[in-house]
Amino acid sequence: MINKSKKGLFEIDERIDLIREVTPIRQRAVEAFHGLLVDFCKQRDIPAIVKGLRAVSDFDYELQMAQMNNGLTGVETLFVPTNPTYSFLSSSLVKEVAAWAATSPTWSPRRSWPP
Amino acid sequence: MINKSKKGLFEIDERIDLIREVTPIRQRAVEAFHGLLVDFCKQRDIPAIVKGLRAVSDFDYELQMAQMNNGLTGVETLFVPTNPTYSFLSSSLVKEVAAWAATSPTWSPRRSWPP
Amino acid sequence: MINKSKKGLFEIDERIDLIREVTPIRQRAVEAFHGLLVDFCKQRDIPAIVKGLRAVSDFDYELQMAQMNNGLTGVETLFVPTNPTYSFLSSSLVKEVAAWAATSPTWSPRRSWPP
Amino acid sequence: MINKSKKGLFEIDERIDLIREVTPIRQRAVEAFHGLLVDFCKQRDIPAIVKGLRAVSDFDYELQMAQMNNGLTGVETLFVPTNPTYSFLSSSLVKEVAAWAATSPTWSPRRSWPP
Amino acid sequence: MINKSKKGLFEIDERIDLIREVTPIRQRAVEAFHGLLVDFCKQRDIPAIVKGLRAVSDFDYELQMAQMNNGLTGVETLFVPTNPTYSFLSSSLVKEVAAWAATSPTWSPRRSWPP
Amino acid sequence: MINKSKKGLFEIDERIDLIREVTPIRQRAVEAFHGLLVDFCKQRDIPAIVKGLRAVSDFDYELQMAQMNNGLTGVETLFVPTNPTYSFLSSSLVKEVAAWAATSPTWSPRRSWPP
């Protein structure tokens, strides 16, 4: 989703390219859209959203969002727990490291580094 | 309270009007003030603050604020749990939906929509 | 699963009957088994477990179990959030109410009451 | 409440005596009852339950119980946060200390020691 | 500590042997004792306790215990976070797996298996 | 650390002076640096970071940061729980009070007040 209040580190087109590159799965589509995720799902007849869950502090907010989205259009949300080996990786911590570190850490896809 | 760092979606006067409209309870007063809530309570001899609690993530911060307020002026804070049917409603999620949705959801008072 | 340390309120056969009665979904099977859930999944080539999540306090334990199960046999766990209207229902609270209440609350299937 | 599954450290009568002794507040009544707290409140026309809240881990369970009680009979629950100086005191930790300690810690009423 | 209410899977002597075997660190002593950990620390002039922390649900209880212990004898507690790769391992989950699994998982010291 | 995104209430030099004044411990050094804390530790051969922990909501974020830092350079993090009497003090709450209060609360070092 194009979030108006949050300026990403990369431009939309770069983000789409990066996601395509690091998820070599058949039958996945990467798309950008304006507006609410629930409206996007409705237009495409998408019945469920799948999200990763890392930490307990994520869960409280994600639970609220899932329940609100279900109330708005009936869409379901399924949560998949992270592999514990990467459970500490949050986008804000990664960006802070990226601002200072000279070389790409092992857990960051190479092409996105340095930003 | 008039929070200097946080710009509300509505002006102070509009907020007071909206709150009056949606809380048709006798003997309730709606007032704006500058400064700390504890000082406002002291000036009016208000012995206790009543707040709603939705989620566990709210509680940790609210507990700290209640304990600090009690330490500053002795005011007590009482917490009332939300009706579970509306437990997922946070002001930030509501504003995000409001920015895109065409019609007012069932859980938002009509007159405040669209903002 | 037949849990040796936890004696259920109902016998296994009664539980299977009750679950069948309240989940009139085609293509669902209700089965009892001895041993670990991961072994049961492996024997039947079941690739994923779907569980409901009610509260934050559930999540911490369920996340650990999901990560351990994934490490043991590679099975994935998907979590579905509860409808907020029923988010407060835990089996221990329901049993406590059932021990004293004369009539079945609206949120309990009729035939299981009184136990 | 007389909880059948949990055997208290003191007998009911001793507990009532101890509570009376350490809460010298006019107009407080200390009573024992059988059954559910919501039924006790209904019989006496008690509209609200006031409970202390110590830690985040308490809150999740207490929130569920408050919402279930409200759904059963309409009784409200108000939560009062603990004085932070005593926030670490849980009955299970106190009992563990009591089993070994020779003299009463400062935070335990004298007469209840040794148990 | 010898915990009277909790019967361990292994006898005290076996536990001491197992801990010695899997922690080949010079200058570590493994000892059993009766009573409170704070009293044990006081008798030996041990100024600080070091504990591992796995999950958020652990932290709330451990924080209370650390604050109570500090209040009783002044002993400090230091917490070390787990390696995330093993963050899902709790003794209760390990015992449940051990009751059914034929061979030792990679994360369990060999000699303790089968129990 | 000099955090580029967060403007402190005091200038770096004032902060260093204040910290020196309120921590009259021999053998402590107060220093400012640019960049990541892990790089600072590496340059000085500092093997461990010691941090205070107040509330459960702190812990989730601090655990992630500790695990990431350990993964980057092998540095360990040790957590020390706060004295419960001051567990409600967060820098954001203190700043909010400071903006309005006329005199220094008992828990704030005098010289830093008013800011």
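For clarity, chains are labelled A, B, C, D, E and F in written order, and residue numbers in each chain start from 1.
Keep in mind that, in the parts below, a residue touches a chain if its C-beta (ideal position, glycine included) is under 8 Å from a C-beta of that chain, and two chains touch if they have at least 3 such contacts.
Here the structure is a predicted model, which means the values were calculated and not measured.
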Contact-pair overlap exceeding half with D-F, pair selected from A-C, A-E or A-B: A-E
Identity of the chain that, by mean CA position, is farthest from subunit F: C
Pair of chains joined by more contacts [C-beta pairs], C-D or B-D: B-D
For subunit B paired with subunit C, centre-to-centre distance based on mean C-alpha positions, whole Å: 37
Euclidean distance of C-alpha centroids - subunit A vs subunit D, Å: 45
Whole-Å gap separating subunit C and subunit E, where each centre is the average of the chain's CA atoms: 31
Subunit B: positions in contact with at least two other chains: 55-57, 60, 63, 66-67, 84, 87-88
Pairs of chains, among all present, that meet the touch criterion: A-B, A-C, A-E, A-F, B-C, B-D, B-F, C-D, C-E, D-E, D-F, E-F
Contacting residues of subunit A [partner subunit C, same complex]: 50, 53, 56, 59-60, 63, 66-67, 70, 76-81, 83-84
Residue ranges of subunit F touching subunit A (in the complex, touch as defined): 4, 35-36, 39, 57, 60-61, 63-65, 67-68, 71-72
For the subunit C and subunit B complex, residues of the former touching the latter: 55-57, 84-88
Subunit E residues touching subunit C - in the complex, by the definition given at the top: 54-57, 87-90, 93, 96-97, 99-101, 105, 107
